[in-house]
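Here's the structure we're looking at; comments come further down.
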Amino acid sequence: MTLARRTLATLALLALLALPLVAGKFYVDLIAKVMIMAVFAMSLDLLVGVTGLVSLGHAAFFGLASYVLVLVAPDPYTAVSLWTSLPLAVGACALAALAIGALALRTRGVYFIMVTLAFSQMGYFVFHDTKIAGGSDGAYIYVKPSASVGGWSPFDLNSGAHFYYAMLALLVLVFVFLRMLLASRFGHALRGIRSNEQRMRALGFNTYCYKLAAFTIAGAIAGLAGYFAAVQFGFVNPEMLAWHQSANVLLMVILGGMGNLGGAIVGAFAFVLLQDLFSSLTKHWPLLMGGFVILAVMLLPGGLTRATETWRFWRFGRRHG
Amino acid sequence: MAEPLLSAHGLTRHFGGVLAVDHVSIDLRPGEIHAVIGTNGAGKSTLINLLAGELAPTSGEVSLSGHALTGAPPHRLASLGVGRTFQRSNVFPDFTAFENCRLAAQARNARPWAVHEKALRCPTSGEAARRALAAVGLSRRSDVLAGLLSHGERRELEIAMCLATEPKVLLLDEPLAGMGAEESQRVLALLRELKPERAILLVEHDMDAVFAIADVITVMADGAVLAAGLPEAVRADPSVREAYLGDAL
Amino acid sequence: MDLPIFLIQTLNSVQYGLLLFLIASGLTLIFGIMGVINLAHGSFYMLGAYAAFVLSGLTGSLFWAIALGVPLAVAFGYLLEWIFFSFLYRRDHLQQVLLTYGLILVFEELRSLAVGDDVHGVSVPATLARSVALGSTMTYPVFNLFISGVCLVVAVLLFVLLQRTRLGMMIRAGASNREMVRSLGVDINLLFRVVFALGVALAAFAGMVNAPASSVYPGMGNQVLIICFVVVVIGGIGSVTGALVAALMIGFVDTFGKVFLPDYAGILVYLLMAVVLVWRPEGLFRESRA
């Protein structure tokens, strides 16, 4: 990262740390939601921006984790333990991603896009048509998971401020983990697969295994986000797995700029704030959103974090080096 | 004569109605440069793709050091020591020349689970990459993006990437195409250096280079082997002269 | 399951399958020839259905609505390709996905602004509003037979177009090898425009003809889109024959699935796709590698 970016990132982190001290409940909750979506977007960036796998079904894992949370609660009024339900949810997502990925990764290109979409639709119908967790009506989570371990509670998710800082910690942890992953041999291999998969195979890399591993990790992290989204919202329904959700998170990734993780965070912020803005303007806000999507993809193909590059390209034409 | 490292027997490949390779047998021995020549469309590139695992044969066998590996996927053959270059430079355009070779070298020692180790700090792959780049003469260009290299430099990078995987068998598909005279000489000298301990297959159009360097030559026409043997014998073979209209020989 | 019920479900399966085929054939051709993944294809079905609603309200007859609607759909498809889609060919799949997703949002809201969000019925034409007897106890609506019949005729016409005309030959060649068609000196822009308009017209026609049976409602395009994607995945991109086989397979699996396993009917189609993927990742009828 350049010095300018590092400074920006540090300032942003400081602002995020300070927010609950100066802002009201509405903004604290909103930014907490954005941070959860940023984790979701980063997980998809690992697939799309780094490995070159365009998945249109990523919401399946987001939604699955929230359903696991509902299903492990013995009844809606008892608090489950965070430390048992979270690993269960993330583990379930990892397994689901492994199973779906094993099949979907037998396909390439456009087939892969369509197949991931189809599998997430399947997930949607599982929760919509059957009576699991309320079917199409959804289910409520009246009591948030408890973080207590043997009587001692490090934090209370019912508190807006605690939840906010927990999400900030999650965002930072996931970011650091993924950065480490990208700098490792595994990460370099993934980038190689995106750049030229045939060459990677000819060099000796079993690209199917690498892609499956990336798919599984991405699914698990999406589950992490979905779990906390359910905790915050207090309500779970099949729409969390709907393809609109998958398309939205894909949009966040491309809006912010792919492959550098920071872009996913910026994209999540931009998208959620824009959605909020548009829906306050008109009930027909999808029209504005649709128009915005089209303009953004046409004019800023590299996303917001590459805006300076795009500007330079428009202004000066292609430059070498 | 040493035992062949890579051996193919009766390789045949159909594409729909077209017979691209017709019962071709070939042995690649260590210490030998085995050239494959033929007119365009003779099936040479298909042969390399069959040997490298990119294509599965319709019939026939491929074996490596005696182990049958027919139909094995390219990554399996590559991990067992079969390296190849492509006819059209097939590099990673958005990585630098160094990163291209480093990634290639990483294939030898992949360790994907070691996520806490930084790839660029890995001494083994870095060293192997530097050595490979030096061998082809690309050291001073190692920090240039592969997509920005000249055509000849990209051909050199192709070879360097193959070398970085430290293969026992090299399958080279027209490595000299598009190279200047000086670069070609450098590559030929490099191949002579690599020859001991390794088996090298060289598909080439440049007849001077082929006869200067090859220990064994196989001539292909219409997908089948027209003639095979020592260079002098091939040069004198009447059917070969006919196929080439006497020109280049 | 006794014979009349079996017959009814078979007829339903064929009807659903043929409808899916009409929509999916456009999708597979557009992808096979232009290399564009078009999420908005379901919207064409939706727009066709709503056009039938509006036009039959104006003219008082479904037949007139279809007669007017089809040329409108062709013109719309032609213009849309020219103004919007021709820019997508150079873009990568990810951008195509998002751009066509934006288009879905725009179409849905424009529809909402123009016609509102209510569910509407479209009346069956009087001449077809009868039932025919099946066996001694059951009857079957004539209109459903009409839908199947019409779709079958259109399917046959499509095959005749593809197999017996020069245009069809260019389309088939383009579906398996785009570059070759370009190098043969065919006016590629015109070919693309024609194929796109054809695809839009087929999807819109399906929407129009099925409107009385399905009613028109918001979001009807999205459901059908994803099933059509499954048809294309199973059948193989660019293969119209594959689309027909896959569409009929899905018609049967879905219809009979709803009878035997109502709770799981929704997921059976995807299970079918999973099975096909294990066996043939490129679809049942995938030809060459383009």
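Labels A, B and C are assigned to the chains in the order they are written; within every chain, residues are numbered from 1.
Please note the rule applied: a contact is a pair of C-beta atoms (placed from the backbone, for glycine too) under 8 Å apart; a residue touches a chain by one contact, two chains touch by 3 or more.
Computed from a predicted structure; not experimentally measured.
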Central chain (distance from its CA mean to the mean of all protein CA atoms): A
Reference chain C; chain at largest CA-centroid distance: B
Inter-chain centre distance, chain A versus chain B - centres from mean C-alpha coordinates, in Å: 43
Between chain C and chain A, distance of the C-alpha-averaged centres to the nearest whole Å: 32
Cα-centroid distance, chain B relative to chain C, in whole angstrom: 48
Residues of chain B whose C-beta touches two or more other chains: none
Where chain A touches two or more other chains, by residue: none
Residues of chain A that touch chain C when the two form their complex: 48, 54, 56, 103-104, 106-107, 109-111, 113-115, 117-119, 121-122, 125-126, 128-131, 243, 247, 250-251, 254, 284, 286-287, 289-294, 297-298, 301
In the complex, chain B residues that touch chain A: 52, 54, 73-75, 78-79, 84, 86, 90-95, 99, 103-104, 106-108, 110-120, 122, 145, 148, 161, 165
Chain B partner contacts - residues on chain A that touch it in the complex: 180-181, 183-189, 191-192, 195-196, 198-207, 210, 213, 320-321
Contact footprint of chain A on chain C as seen in their complex: 31, 37, 39, 87, 91, 93-95, 97-99, 101-106, 108-110, 112-113, 222, 226, 229-230, 232-233, 237, 263-267, 270-271, 273-274, 277-278, 281-283
